[in-house]
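For clarity, chains are labelled A, B and C in written order, and residue numbers in each chain start from 1.
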Amino acid sequence: MAEIQFVHVSKVYGGDVTAVRDLNLQIAEGEFVVLVGPSGCGKTTALRMLAGLEEITAGEIRIADRVVNDLPPRERDIAMVFQNYALYPHKSVYENLAFGLRMRKVPRDEQRRRVEEIARVLGLGDMLNRRPAQLSGGQRQRVAMGRAIVREPKAFLMDEPLSNLDAKLRVQMRAEIARIQQALKVTTVYVTHDQVEAMTMGDRVAVMRDGELQQVDTPQRLYDAPANLFVASFVGSPPMNLFEASVRRDNGRLLCKVGDSEFELPADLEAGRPALGAYVGRSLAIGIRPEDVREASGWDGARLRGRILLVESLGSEQLVHIEFAAAPLERSDLVDTAAQPPGPSLGVGELEQAVTLLGRFDRHLLLTPGEAVEVAIDPRLLHFFDLETGLAIPSAVDTPVPAGVAG
Amino acid sequence: MAVAESDFSLASRRRPRWSRHRVASAASPYGLLAPALVVLGVVLGYPLYLIARLSFEKYGLFELIRHKGRWIGLDNYTAIIHDSQFWHVLLRTVGFTAVNVSLTMVLGTAIALLLVRVSTVVRYMLTAALVFVWATPVVVAVDVWRWLVDPQFGLANWLLTKLHVGNFVHHDWFVNPWSGFGVITAVVVWGAIPFVAITVFAGLSQVPAELIEAAQIDGARAWNVFREVTLPLLKPIFVILVSLSIIWDFQVFNQIWIMLDQRPSADYYLMSVYSFVESFRISEYGLGSAIAVVMVLIMFGFTFVYVRQMVKAGEVR
Amino acid sequence: MSSATPIAPTPVAAVVRQGPSARRRLGLLGWNAAGIAVFVVMVFPVYWMVSTAFKTGPNIFSYSPKWLPVPATLANFGDAIHRQYFWQNVRNSLIVVGVVVVLSLTLAFLAALALAKFKFYGRRAFIVLIIAVQMVPLNALIIPLYITLSRAHQVNKLSGVIITYMTFVLPFTIWTLRGFILGVPRELEEAAMVDGTTRFGAFVRVLLPLVAPGLVATSIFAFIQAWNEYIMAYVLLSSPEKQTLTVWLASFTTNRGTAWGPLMAGATLTALPVVGFFLLVQRRIAFGLTAGAVRG
């Protein structure tokens, strides 16, 4: 087990393609950190640099306080689980598991002992003589994990190990991996593009985009206090509703205007978010999570009026797409699904600018597309972002945690 | 304007149905296969039958004129079995094949491994060179090498003398069959390397990079990676290449024939040359056929291995 | 800019390591040197042939080798071209090769269709036959071939040679075309049939254009094989005006010795078409014989 550090690490291909830009990340001993982001964000490159499979263009990587930049993979004492498992097809399961031990000249009976124990733990006991081609996807995945575990390395590196499994198996294996990691307490760096996986498995999650680290934090804090628009739209499913708004002051009250509606921001909100004061008279971006969008009956606070476009029944709740007047955000740093202008409008009345609001409504409500609806907004649940930089306008309490310090 | 039903039925009656039927049966698989099979049957099937029959006949000049052989049963076979020359030639051919195939495989694989490690420019250069060599007709290649080992003006003699390996001035490489075969082996291997090198290189690029990386992470050094991961994955390719090489090298004819000005001495006989000489020089076609039959049977053994590997690889569906 | 603040406690010297380590660069240099050495060794005979073709007599027949053909001359080429029967032999080679290519492509395409698109009794056996037949030692069959052809009065005729060449060209062509046909999705033919063609019509209108690369590759393979073949032509064509170029090359060696300069020129000329075509298509030809063998 060891501490892992990325210090100003960069990776540049061919002189002009930057895959990873100035990555600084500290991973504590025994911690499970997930690198997550869309394809091309640099997470796999970062992992491969850690493994020694890619050259580091600039910066240092340290494992257990030892700079490993020039060390070949086999001397870093790390183990890796690949997306396609990379099991040796011509070797039996036993030989696959024992390979790493054999390479390190572990005595034969010690090999046998460790392999058989791992096999037992992972439920592979009676498959030791089979070839990978004869195993199911889930079994192969377990052999790949076993191969990593049996070596008792300083760290586990996992490159999207679950993406080749079907949905149900994925949920099962997610839990198993998490369980194993907790039992063994080995430092683990896990790469995935699936934010659900990231949130459920990691002690801390590092969100990356275009080679840059956006935010590293515990899953809950990522959800509650995203540091910028990208993280806000990436984390959480269904994604956060984001749109443009403006703030003005009227008689000491802070008013927020969204499309045609305007509502007051309570005083304690401004007190808790002093930076907001700089945005008076300007436009900014506002976000609200779908579960914070409620049907307005019985609410005497801010309301937004809109028209129901579509109701998706999930059984446990209803996902309602509501069209209402607001300026959509058109930015490249948003994940595609969030805040898109709606398709052809079902409603009467041409809206010049419209946004689709996603709300998670109680399953008992009777809702029909085309119907007008009022939605309750609790301003205290709003997220605020700078329109130019995309950075969150922080509250006094919720400062995003810097990358260097462990969660 | 509505179209009457009757118009349609008229039209369909007008289209002659028999043509569709004819085309369909002509397009049946046997029909498609027939022309090719006929040609192969005539040019391959019948000669195969013929050579088997000829090997049991006496077929000299007299018989050639009369277009008819005289059945002598196993006499040809007994003749060659008791002929010590036959066994010498067979042994020589086996030895020659073994040496050539080994050299070709080892050098070809080494070059393939080299191709993986060099920079792109050098790789293109080397691949282009291999392709050039491969495309060169055998007759041309033999002539070039003949020139290179020419006693008076050949480059080989000059080079070896210059390097103080010995006195090679005016050295005739073909006086001694061992050195003669050395030259012939050089030609054969030189011409055969490109196919092996390029095929193995293609195979190497099909080895998933992830497996290599996994082995590296598991602690394997370069040699271990090659032995434990790469080689087993390349086994099917090697089986095919070795079978093909054996089949081709066993039948080497052109190189010997042209290298020795169409007049090889008995020391230079390989099986194909021996069979040819017995037939066309001495006009003992029956005897030549018997030798050829032995060759074919030996080849069938290796063909079986090759075919079985292809079936295993799923090519035969 | 990242929202993460720069990292914490441990003092970090700004270590900037640029590019691959020196050790790795040295290794690459070594491999490249080896690669270039192999290149030189492999290519040298070809270079020697071409340069000898351009050398003047004294430069060819000199005891210390002249590495560069300076001064260069075309006399050897002239000599070679003006030899008796050269142009006839070129014509013969072209005729043989042309007919072999066209004929084998046609027959092979039909046969490949049968093997790829239909399920019929004995199909697997045919496929095995096609593979195995490529292995029959043609040199061994010279005798019966000669006898058969002589009975049919095909000896010393180009047609005899053409038919003979079909033996080794057909199987490979059938095999390769079958591979290409299998690679075309069935939906395309089915769409054509729905649109109104017959099954055979679909073959010709849809499949044929799509396997064009295969046709090109196999025709070049047939070209090369037919152009380079020696022993059959040597046996079957006895009169010099009927011979092909490969046999013609043998005429440079008389009992007075070998005319090396013109021989090298002639060899260069003989190799030229083949090398040219080969460079166009190298990879596609090669691996029909070993296709798909690596199944990880």
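Following the convention adopted for this analysis, contacts are C-beta pairs under 8 Å (C-beta built on N, C-alpha and C of every residue); 3 or more make two chains touch, one makes a residue touch a chain.
Predicted model, so just to flag it, every value in this text is computed and none were measured.
Participant: From the centre of subunit B, which other chain's Cα mean sits the farthest off?
Facilitator: Chain centre farthest from subunit B's centre: A.
Participant: Indicate, using Cα centroids, the chain positioned nearest the centre of all protein chains shown.
Facilitator: Closest to the centre of all protein C-alpha atoms: chain C.
Participant: Would you mind pulling out the distance in Å between where the CA atoms of subunit B average out and where those of subunit C do?
Facilitator: About 13 Å, centre to centre.
Participant: Rounded to the nearest whole Å, what is the centre-to-centre distance of subunit A and subunit B, using the mean of the C-alpha atoms as each centre?
Facilitator: About 58 Å, centre to centre.
Participant: In whole angstrom, how far does the Cα centroid of subunit A sit from the Cα centroid of subunit C?
Facilitator: Taking the mean C-alpha position of each chain, the two centres sit 54 Å apart.
Participant: Could you tell me which residues belong to subunit B and also touch two or more other chains?
Facilitator: Residues 208, 211, 233.
Participant: Multi-chain contacts in subunit A: which residues touch at least two other chains?
Facilitator: Residues 89 of subunit A each touch two or more of the other chains.
Participant: Note the residues in subunit C that touch 2 or more other chains, in rising order.
Facilitator: 296
Participant: In the complex of these two chains, what residues of subunit A are touching subunit B?
Facilitator: Per the touch definition, subunit A meets subunit B at residues 51-53, 72-74, 78-80, 82-84, 86, 88-90, 99-100, 103-104, 147, 151.
Participant: Quick check on the complex: what are the subunit B residues that touch subunit A?
Facilitator: 208, 210-211, 213-221, 224, 228-229, 232-233, 235
Participant: Provide the residue numbers of subunit C that touch subunit B in the complex, in ascending order.
Facilitator: 28, 31-32, 34-36, 38-39, 42-43, 45-46, 48-49, 52, 60-65, 106-108, 110-111, 113-115, 117-118, 120, 123-124, 126-128, 131-133, 135-148, 151, 163-164, 166-167, 170-171, 174, 198-200, 203, 224, 227-228, 230-231, 235, 246, 249-250, 253, 258, 260, 263-264, 267-268, 270-271, 274-275, 277-279, 282-283, 286-287, 289-296
Participant: Using the touch definition up top, name the residues of subunit B that touch subunit C in the complex.
Facilitator: Listed in rising order, the residues of subunit B that touch subunit C are 20, 23-24, 26-33, 35-37, 39-40, 42-44, 46-48, 50-51, 54, 64, 67, 111, 114-115, 117-119, 122-123, 125-126, 128-141, 143-148, 150, 152-153, 155, 158, 190, 193-195, 198-199, 202-203, 206-208, 211, 233-234, 236-237, 240-241, 244, 247, 250-251, 253-254, 257-258, 261-262, 272, 275-276, 279-280, 285, 288-289, 292-293, 295-296, 299-300, 302-303, 306-307, 309-311, 313-317.
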